[in-house]
Amino acid sequence: MIKKEQMKIVSSRAIAKDTYEMVLENHFISEKAVPGQFLHIQIGTHTLRRPISIANCNKERNEITILFKINGVGTSELATYQAGEFLDVLGPLGNGFKAEDEPQSTILLVGGGIGVPPLYYLGKTLKEKGINIVSILGFQQKENVFYEQQFQGLGETIIVTDNGSYGYKGYVTDVLDQVGLFDCYYSCGPIPMLKALTTKLEGKRGFISLEERMGCGVGACFACVLPTKDGTGYRKICKDGPVFHAEEVTI
Amino acid sequence: MIKKEQMKIVSSRAIAKDTYEMVLENHFISEKAVPGQFLHIQIGTHTLRRPISIANCNKERNEITILFKINGVGTSELATYQAGEFLDVLGPLGNGFKAEDEPQSTILLVGGGIGVPPLYYLGKTLKEKGINIVSILGFQQKENVFYEQQFQGLGETIIVTDNGSYGYKGYVTDVLDQVGLFDCYYSCGPIPMLKALTTKLEGKRGFISLEERMGCGVGACFACVLPTKDGTGYRKICKDGPVFHAEEVTI
Amino acid sequence: MTDLAIELPGLSLKNPIMPASGCFGFGREYSEFYDLSKLGAVIMKAATGSERFGNPTPRVAETASGMLNAIGLQNPGVNKIIESEVPFLSQFDTNIIANIAGSTLEEYEEVARAFNKTDKVHALELNISCPNVKDGGIQFGTNPSMAARVTEAVKKASNLPVYVKLSPNVTDIMQMAKAVEAAGADGLSMINTITGMQIHLPSRRPLIANKTGGLSGPAIKPVAIRMIYEVRQQVNIPIIGMGGIQNAEDVLEFLLAGASAVAVGTANFQNPFICSEIIDELPSVLSNYDFNSVQEAVGKGIIS
Amino acid sequence: MTDLAIELPGLSLKNPIMPASGCFGFGREYSEFYDLSKLGAVIMKAATGSERFGNPTPRVAETASGMLNAIGLQNPGVNKIIESEVPFLSQFDTNIIANIAGSTLEEYEEVARAFNKTDKVHALELNISCPNVKDGGIQFGTNPSMAARVTEAVKKASNLPVYVKLSPNVTDIMQMAKAVEAAGADGLSMINTITGMQIHLPSRRPLIANKTGGLSGPAIKPVAIRMIYEVRQQVNIPIIGMGGIQNAEDVLEFLLAGASAVAVGTANFQNPFICSEIIDELPSVLSNYDFNSVQEAVGKGIIS
């Protein structure tokens, strides 16, 4: 079930270059949220809402955390909102990560840039189920790195940067051989990263979270479709996704 | 000389139904302002600025007072601005009241509704020159009355309301016979009031302040013209006005 | 009590508010927000002869007070719509209007004929103006004699009232309106989107994969009002007005310009409850401006 | 150093920024805000054969991200402009473009010929698209053969390069562009305003006294970009682009779509310094997107 809710901003702070962490309070949305879902946020009077992933959820405190990067007019404006103000939000939207993994299994999280946020809530939820977590997080450069400590709290965490200014130099796919065996992977990040990753990990059980420009965010407008791999159908990212089985869709 | 200035809001408060008094601080504009001039105020991201009269000016404190009534989307938004915020303003604009009256002469101020504001600064300035002031102020009804005390501070003040809920019942023109002799009149208010007034006072020396929807506010776009009485020319309200000799233009 | 009801060919509307085609799918998603029985009618997403997958993504972009879209008529095809979507919508106590599209005259006829199979649909909205499909669509919408031909063909094929949806991308909207009226249209729907484009600076190419898209939202309202105002004086059939409606005051503006009912599109994306909220606000807005009914306001802004 | 200069027929522009016709008068008012020598050019308010008083007021209205205007070509007449306005503007080290309008072919010729008397004007902008005058104007702007005829006549009458200003209120902008190119136009100016209307609810009548007005501002930018993009691929003459420009990013978007220079209209009303500020910001915006010059960006957004 989706609702249009007012979410109170509990805090907002910069956590990396152009990157903000915002904690939002709302009972309904925090109660329902599962990892991989997102919020559709009304910013000012913009015609279209902005989709932002749920990066964490504290069900006791009725809090949702979002992490966002300034990417244009909407996110710039969002960064100016202050604690105490309210955001008009549709949510929680989309289908989350299936996360039907068994206790004791090992799963790999692979995040790139602003694809990192949804993996944190996922990792936290999996860890609570007794699953082992290994994370690879890729960023452009040192100033962009965020949430390293939080992911280390979940398990082994490898950071890579494009230019080597922090952690390993290169792409997330370059360090895959440094992690041991894993049962399933979950990933979110830019399309080229997802392409490289799913190609390298072909045959492995895996799930990816995708982005597309959206209209309604609820499945009514057909703005955010992508074709299924077999070519006979399509999926709506906002409703059927944003998380898909790596073999399900064409990216 | 006109400048584009940031004016700091010193205070903002409701003074009558849907009517606000806002005190703004700015050195340049308060230094230059003469009675009858107006400010062209940018509100939010509205395409067009809103023209609002200068209702008072305190040159020692660098303060300008404006009085405005909620009349649509822009003025509603203006009413939400708080002390401490800044307004982007073009000003001071237009030609003010000539006010070349002699000391000891008597002048009559006639204001209707939201046409009252510019007359206050004018009256105050004239009084400082030793001129006698008599004011007739017309409002819709009791809840709309504002600045009665301020005008009483300038001299005799007669209030009329359309429905008689305060002061005399009727129009400003109905009480003209209650004021004694005067040398000149200055008026601002709705067109029907100005028409009735100038007709009744034909032949008397008088000046009226006019309104029209504006584009640029500085004389460049020809949005705000009105024909001269002789039919051969036109005047721009924003630049040649908003104050005109009662005989000069066709209303 | 302010009377919101309005009678149009084939449509007894309890109020003049309906979601616009393409902005409300087939009602399923928004039915989770409020009871669709509240609506005057629902205009369904366009139906074509067979399933269409539409254009590549990105399909939408934001513009100043508006948006561009190039969905490209994605839909499951008319038969699937009749089988799976119409029954869902017909649970609600509202009118159903089917928006029909095609690439050829024959496809339009086929789709129109298909809707004769169900008695749950109350009217057709003939979309001759979708700017986002290359073959067909737009030619019908910009050429008066082509528009008349497809109107005539669809009228023959269907036993439902036909509202022809006009494109604003024309030099002379009055000529288009008169042509389809003469061809038998029962009403007009106007306006569809205005063709526009946005260029994405970092990639140096049109943001919408289809290059151009249709501009909708408050940005186009003045164009919609002007066209309805002009057309209202030239035709005798009723107009369903649309283009940038966001609140009940906007609805009144469309009524004054000559629309008898209105559709709300883009605004659903910002606020899923928008149609419901407008229906709640409309009575007081009408009475604030001294109208006792919707009917009374229709065309009242026209001066000659 | 980013090179802002651009060479167009008759115009050696130090930068591609000019105030749009009708939004800057004859420069006097804005010259009090900054030195007009900074501008690539100034496009003067429309000139007609004799003085015109224009339309009744109200002449402007605000719309979502835009405005409507129906000034109605008020101007002191071409001779007065040459006598009193051109000398003032020619103090500044910038190019002067005269926007010319008329009700008849003969009036256009007369105005064009008048500008031969001064050597201070560098080009003509032929306004065949003013939607706010009943007699003439718009017919020239919406009919390709009429547009070609007036272009040809003005080219013959004048010894200046002629930029034809196109109306967006047409079904096929490419056809219009090709017609005036074939008739000898040296360049195009696009777009003029889109015809729109607003109804004033309390008075129940169109707010603009002329009923309809021209829509300008950010609301129309997607339409301008689309039309320039389409026309750029059909003609070989340069385009001066306009419609909703508010900042240097917008300028780059117009360049990518195929404009060689741009005009800024409505934005002057919000910010009298807008043209000057855009000129200051343009170099860094160009280099942020990896361009070394204005010239380099022209048409780079076009993909085939």
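Each chain carries a letter (A, B, C and D) given by its place in the written order, and its residues are counted from 1.
By definition in this document, a residue touches a chain if its C-beta (ideal position, glycine included) is under 8 Å from a C-beta of that chain, and two chains touch if they have at least 3 such contacts.
Since the model is a prediction, treat every value here as computed from it, not as a measurement.
Listed by label, the chains touching chain A and chain C alike form an empty list. The most distant chain from chain C is B, comparing centres defined as mean Cα coordinates. One inter-chain figure worth recording: chain C and chain D are separated by 34 Å, centre to centre, where each centre is the mean of the chain's CA atoms. With centres defined as mean CA coordinates, chain C is found 47 Å away from chain B. If you average the CA atoms of chain A and of chain B, the two centres end up 57 Å from each other. Centre-to-centre spacing of chain B and chain D amounts to 36 Å, using the average Cα coordinate of each chain. Multi-chain contact residues, meaning those touching two or more other chains, do not occur anywhere in chain A. Annotation for chain C: residues touching 2 or more other chains are 63, 65-66, 217-218.
In terms of which chains touch, the assembly is arranged as an unbranched chain of neighbours.
Counting only pairs that meet the touch rule, the chains in contact are A-C, B-D, C-D. Of all the residues in chain C, the ones that touch chain A in their complex are 22-25, 28-30, 32-33, 45, 53-54, 57-63, 65-67, 69, 71, 74, 217-218, 266, 268-273. Remark: chain C residues 63-66, 68, 142, 169-172, 194-199, 201-202, 204-206, 211-212, 215, 217-223, 225-226, 229, 244, 249, 252-253, 256-257, 289, 300-301, 303 touch chain D in the complex. Remark: chain B residues 1-2, 4, 42, 46-49, 90, 212-227, 234, 239 touch chain D in the complex.
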